[in-house]
Amino acid sequence: MRPDMPSPAVADQPLISIENLSVQFTRAGKQMRAVQDVSLHVAPGETLGLVGESGSGKTTIGRALLRLLPEANTQWQGSIRYQGTDLAGLSKTDMRRMRGRLQMIFQDPVSSFNPRRKIEDIVAEGLEIQGIERSERKLRMEAALRDVGFSLADVAGRRPHQFSGGQCQRIAIARALAVQPELIVCDEPVASLDVSVQAHIINLLQDIREARRLTMIFISHDLAVVKNVSDKVAVLYMGKVVEVGTGEQVYSRPAHPYTRTLLEAVPVVDASRKIKPAAERMVMPSRNRPPEGCAFRLRCPRAADRCAKEEPVLGVGPGGQSVACHFPHDEPAPNLVSESA
Amino acid sequence: MSSAPNSAILECRDMSCLISARPEPLRVLEHIDFSVARRTSLGIVGESGAGKSMLIKSIMGIAPKSVQVSGAISIDGQDLSGMKPKERAAFIGRKVGIVFQNPMTSLNPYVPVGRQVAEAARRHLGLSREAARNRAIELLSVVGIADAAECYGYYPHHFSGGMKQRIMIAAGLVCDPELLIADEATTALDVTVQKEVLDLLQTIQEERRMSLILVSHNLGVVAGRTDEVLVLYGGRVVEYGPTAEVFRNPRHRYTEALLSAMPQMDQPAHSRLRTIPGQPPSLAAKPDGCPFAPRCAVAADICRRVMPPMAVASDSRHRFACHLPLEAQAPMRSPDPIVAQGGVGHAS
Amino acid sequence: MRPVDAHSNPASSTSLADIARAAMPATARLRFPGAGMFDMLAIAFLALLVLVALFVDIIPGLVSPKFPYGDFSQLPDLTLNGLFGTDEIGRSILSRVLYGARASLSIVLVATCLSVSVGILLGMLAGYYRGPLERMVDLYANTMSALPSILVVLAFVTATGTSVLAIMLILGILDIGTYARVAKAGVISQNNRDYVLAARAMGASDARIMIREILPNLVPALTAVMPTLMAGLIITEGSLSFLGYGIPAPAPSWGGMIAASTDLLSRFPVLIVGPTGAIVLTVYALNTVGDYLAQRLNSRERGN
Amino acid sequence: AAEEQPVRGGEITIVNGSDIKSWDPAINGGTFPGGPMDMLDAVYGFIVYVDVDGKVQGGMAESLKSDDAKVWTLKLRPNVKFTDGNPYDAEAVKFNWDRVADPATLSPAQAFVASWNKGIKIIDPLTLEITLPSPDRNFGSSLAQLAPFIASPAALKAAEKKTDIKPVGAGPFLFDSWNQGVSMTMKRNPNYWDQPRPYLDTLKFVVIPETNSRISTVVQGGATMMAGYPYQFGSNATAEGVTTHEIKIPGLYRAYFNQASGVFTDRRAREAFYEAIQRTRLMKAYTQVDGYVMPTNYFTASSPYYDATYKLPEYNPEGAQKLFNALAKDGKKFDIKIVTYSNSDLKRLGSYLQQALGAYENVSVKLELVDQAMLTPTCKTQGNFDLCIDGGVLVSNGAEPIISNLLGSKGSDNWGKYSSPEMDKALAAANATMDPKAVKAAYAEVQKLVVQDLPLYIFGSETRHLLIRNNTGGIVPSNGGILQKQFLFVCKSACTTK
Amino acid sequence: MTNLMPYARAISGRLLAGIPVFVLVTFGATALSSLAPGSAAQLILGDNATPEQIAQLNSAYGYDLPLWERYLKWLANLLRGDLGETLFSQQPVLQVVFDRAAVTFEIAFLAMLVSLISIPLAMFAASHPGGMVDRILRSVSSILLAVPTFVIVVLLSYIFAIVLRWLPATGWANLSQNPLANLRYVALPVLCLSLHQTAYLYRVARNEMVASLQEDFVQVARARGLPLGYIMFRHVLRPSMPQILTVMGLSLTYMLAGSFVVESYFAVPGIGWTVLTAVKSHDIPLVQAILSLTVVIFVVIFMLVDIGYAIIDPRVSVS
């Protein structure tokens, strides 16, 4: 056990809390707001799922809270508190020490390994940087690898390209685990894996989360996966949180029309009915010039005048979740959740 | 309209693809047998590397030079093997429209989109510049591009991914093909856009009374959208039959494992998923027997040695290649809704 | 889709390729995947050239390149030293060509080491930190590409004089910009790769990331441009010697030998064959290897 | 040879290896075909010239005569005018020479002219009388080589800087256009004094540095003539449409021993050098042609002053090695730097020397190749060499002024700083008398001293040739082979003998 | 869609980027000239000059000033459009440079034209990769690329001028004065200059087109049954153009300023030869002017290349 583990007294406090985080990127001289005014809290041992379409700012949030955004063209505001410590205020050395507690798993397992380095070096790297002794290092590596179903002998001397995508992702998890973190940000960890391998990784993450009492932020655009792994789900649209609540709340009584659109679009493995193609088309608003008022209103079937004038803020939704909508849905989710099965 | 109205629009008999390599050629596809009836849709599913794209490319005659394609392919009743390459290209170009996976790269960024839609019509239908243009504009509005006439001269970068895929569909439709093939046409798109494009494809297929091949690695994409489904694994057809039937009552162990490995929306949070051990087979070390045998929980000795033949389920259109198939569940109640919707049934 | 380049297609190589392959030791064979006949021959030629350059003074029976071997401007005969004939003052052309290889290669190698090391350093820093440093590196690279290399070299050589060391340094300056640019591009592209991010997430310092994570991955791209740039240096060094600003006499140099033979070309055309052959073959081999490496790099990148 | 009558008209192109640097009549040296004076001559005309037999003839001036070698009378031609209309008269001539004598002009002939320009007396507009400080039998030829060009004083005065000088002379041609370093065009001077000459309408000079290119340019008809050596022409000399013309003026191939510093201050080193090298072989390396006859002394066998008793040391490798060893023992290791310029012939020569000497023990040789333009500064001005080799032959028709320049302790071509009172005395004696016997005796003494002191390395002799289109008529060489342009004409068919 | 912005941006961007390069190069020239041994004064004054006279001349030309002062002076003069006179012939430097540049431009332009032959060849070879023509052209271009220009020059002039005597070995006739003669004189230099560039352009174009042929949109076009020839022209040529254009720009700058060997060997009075002789004779005003011109040429050519991109690539106007 680490000496600085949270004491039970503060365990109910969020492990990490993001307050009013905004991130802007400068590209070709133009500013782009990738994340706007996002506040999220994750309690210890909890898994937060982040969903949203491509470009909605999922990755950006994940990286911001590990302070991994590129420095050159990025500005950000807001605070990220980890057990009460504001990460933004930490010096480089303090942040380095902090990195032992915060880890990340990436989407593409193959590209998250340096192709020129040996697996054991890759796994040991974090420990080396954290200044762990050699003998201790080996023990921890072995433990971490065991957790993901490898032994040190399996990987010793081999290089990333000698492993398949799924194996690489397992090793990536081991690498993150080796430093014994308290929080892991998983950025689409299964998106690039084949279906038959994906289940493996999801199960593995679940097991480890339980065994190590890890807190997780799980980013994915696959709503089914998110549903499976998360306690709490936040739906992002164009850099803003439009709905956040427990998985149960969000999936069974989605309040925001966007959440519903997302849920309806998920291809489900259900061939019992032939799908009726929808006739109408949606309009995608520009990311660089977001519309006035509610960002979703152009695609929203419920949009009214008010939506164009007034930007909705997060409020309590019908299921108890938070939702940023003037006209939230109250009814249960449409026929997606097939009680029929 | 066509020479043999009752024949299948596409028929593949015992098709194999070999890539010349040392020490022995790579067997990308082996003994593929299937057909697509007129006005029906076929889904082809399989994991990455299963050979889906190779299958499509071989049919279209655009496989790389190093690939040797054997077997008989006929389109609209005409055997392609007898044709000269040029003749064959023109024939396929007229009969088959195709939409590829990546909308970002499938359109030539240097050519106005309208022209890319129109060019095949000029070539194959012998339309004049003006006529081809009009036709392209018409099709662009069919696929849902507003201000099609204005957009004719725009370049691909003016459009979003979903729009590009629509344009690709328009281009695929320009010669009034009888078959439209969409090879992972929605994989690169967001879920919401994916749904739209799939809807569009489905609508068009029904309106235009075409046949459709929908290729995807995602079982969810073909479920509920196709009449029949073909499951590829390691370059082999492992299961093939009416979509509803295959999904409801998979007989091949792979299909079944795949279905249950997918997280479902109706499962509670933190429920364990069923997993398939091992990796999809690599081309270089493909087993002799059933390609799935090394990962199969119930594989027997014979599975590892002998490739199982295609067995026919009680419902004669559902076939699978497994020595130890799953039990057939009670047959579905008549009438099969899909056949009713799809119209023309199989001749067999 | 993994397109197959026609030139690496094993089917297009003939039995000669197999001979070339068979001539390589087994371990070496493994390292040149997809190499065609010409690639193998080029690699073999360069290996031979390096061997010759290293061990030229212990080749049995080879006369000194500085002392007379026969009469002036003699035709070739079938002896070792007379294989290419004798030069205008009676020295063995073969011996001079072989010693010239040593001169050319050592100059080019030293220059390349210089430009690679400085180029990598600048390029990495520029790519990693961007900002003013990047602008300066770009400025340098642009400036160097705005000027014909021979002009730069001549300008320097008139100032510094023609010593071997000076030529090495000057040639070394030429390609710094190019290597820096390649390194910079590599760093920038890798900076977005997840493994760099992963290292940063582990708390790795900038220096550690640059040295441990980025540098090793620059190697393929750098080695792919290196042979071609080295071929360019061989030509520049040759031009310099040809114009009379190269390695000081009596040290043999290919360009110098060609220059010496041009005046006598109408009387003794054979004089030009040896040195020209040497320079053309070397450049050809280097270009071929460069193409091969670049193509391998490409296919690997496409494959990933 | 078919005697063809000269006709008016036509154009001739002379191709040279380098261009002039300025039009200053006082500056440009080089009395050989292809040299700067060759080009200046077309505009200014030699005031007097030395013909192939070594006799001084009137050029722009009518005559230059003396009875006692001390007082010389220069007679000018009447009615000769510069092309700006000013008369080519005694005033103009004196003005030009005074200008040469002015050190500020930086003329190479400054020392020579300054020694007598105070003695110039204008008798009448067409006559000058020059009184020399001491008798000089060769005053005429020295003048022809060193200060032969008279430009219009008005043009000289008009120029602020030397490089601004416009070419205004009274010679056969008028300056037309100049693309420096590339080509120069001149038009016929309609007011030339010697009508109907010049025959040509246009005279062009083209600059092509590369010897082979020069040759093939003439062979292909891109130019009319070039000067060179037979070894350079090779089989091109017999090509269709061209012929060669020998300019029967002997010249010497030579190198300078630095006798101001370094190992060559020791006579043994110079002797060793002579003995160490087989000079016929050296000439072959240089020219790639066999059959050169080695001169045995400054004067060759064809010269009236030739004395067979004094012979330069012959090839003697053992002797050379002994001398090298002896030098090394005295702490004067034979460690030399050879300087020459980087044309390929000289590079060959230098490399051969280096190679041949390299075979000896106690010898080390460094070869330094400099730009042609830098040779004189490096060798003559800075003295930064042990052995300096200048290209081409040093033309000497007759003994003077070249011999004094080479061997006199103050001679302008004495790059090696050879200095011997006996030699100076012998040279002065040869100059001071008009008596042929006394001259011969004095030169015998010179040859004896040459062998005794070995002031120069003489390694060959040759005559220059012209490679010429065979429809060129009127080839009349003067000073060192420079053609008298006013005589040149274009024949209708081949008129020059093979 | 006649949006002029991209062009304006290409032009201003290149010009701005060109300024520091210009300063660096011209300053470098000034600096180098003071390092070089021997001096222009010595060469101008001749062998009889005394050190005092040389010093005097040096100060008259301002060569004794500190480096930066000399450079600023030169810059000031440049802004006034006065680059002084050449040291020896006392012609206005600008005029000399423009005269010589005209010659070089002609040769470079013709060589460029000749080298364009590589593009149809590349199109053919690329459309049949691995075929007979592709393999032959690949070998030929490899060999051409391996032969240094100075060897090409020697060999071609030996063959065509000395052995066959078809073409004049050297010399020059002005285009305006004698176009026919000009054509004869220009032939060999153009051939020598273009061989290398042709091979290079061929390689780039061929590889680029082969790469373009792998693009998805080409697969799509092939799947639509469009003939190969049509695909090559419509879908492959244009995407390959930016790279080809870059190489053309590079080779044009190379040919405009880098043709020392060719120009001096063939005695062509162009920029390359002039700068070579100017370097040798320490004609600093001339060297500086030519270097400036080189940089300006580089900037202008790449400005044109950028404009070319803007014309060819519809995306440029957006990004």
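Chains: A, B, C, D and E, in written order; residue numbering restarts at 1 for each.
Assume a residue touches a chain if its C-beta (ideal position, glycine included) is under 8 Å from a C-beta of that chain, and two chains touch if they have at least 3 such contacts.
Heads up on the chains, UniProt names are A, B = ABC transporter ATP-binding protein; C, E = ABC transporter permease.
Remember, it's a predicted structure, so these values are computed and weren't measured experimentally.
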item: Co-neighbours of chain E and chain A - touch as defined; value: B, C
item: Interface with more contacting C-beta pairs, comparing C-D to B-E; value: B-E
item: Per Cα centroids, the chain farthest from chain A; value: D
item: Rounded Å distance, chain B centre to chain E centre (Cα mean); value: 53
item: Length of the line joining the C-alpha centres of chain A and chain C, rounded to whole Å; value: 49
item: Distance between chain centroids, defined by C-alpha means - chain C, chain E (Å); value: 24
item: Where chain B touches two or more other chains at once, by residue number; value: 65
item: Two or more partner chains touched - positions in chain D; value: 212
item: Chain E: positions in contact with at least two other chains; value: 130, 162, 219, 280
item: List of chain E residues in touch with chain C within their complex; value: 17, 20-21, 24-25, 28-29, 32, 35-37, 129-131, 134-135, 138, 142-143, 145-151, 154-155, 158, 162, 210, 214, 219, 250, 253-254, 257-258, 260-261, 275-276, 279-280, 287, 291, 294-295, 298-299
item: Residues on chain E engaged by chain B in the complex (per definition of touch); value: 1, 130, 215-227, 230, 234-235, 238-239, 312-315, 318
item: Chain C residues within the chain A interface of the complex; value: 130-131, 191, 193-195, 197-205, 208, 212-213, 216-217, 219, 304
item: Footprint of chain E on chain C - complex, ascending; value: 1, 3, 5-7, 9, 12, 139, 142-143, 145-151, 154-156, 158-161, 231, 235, 238-239, 242-243, 255, 258-259, 262, 265-266, 269, 272, 276, 279-281, 283-284, 287-288
item: Chain C - residues contacting chain D, complex; value: 66-68, 72-73, 88-91, 244, 248-250, 259-260, 262-268
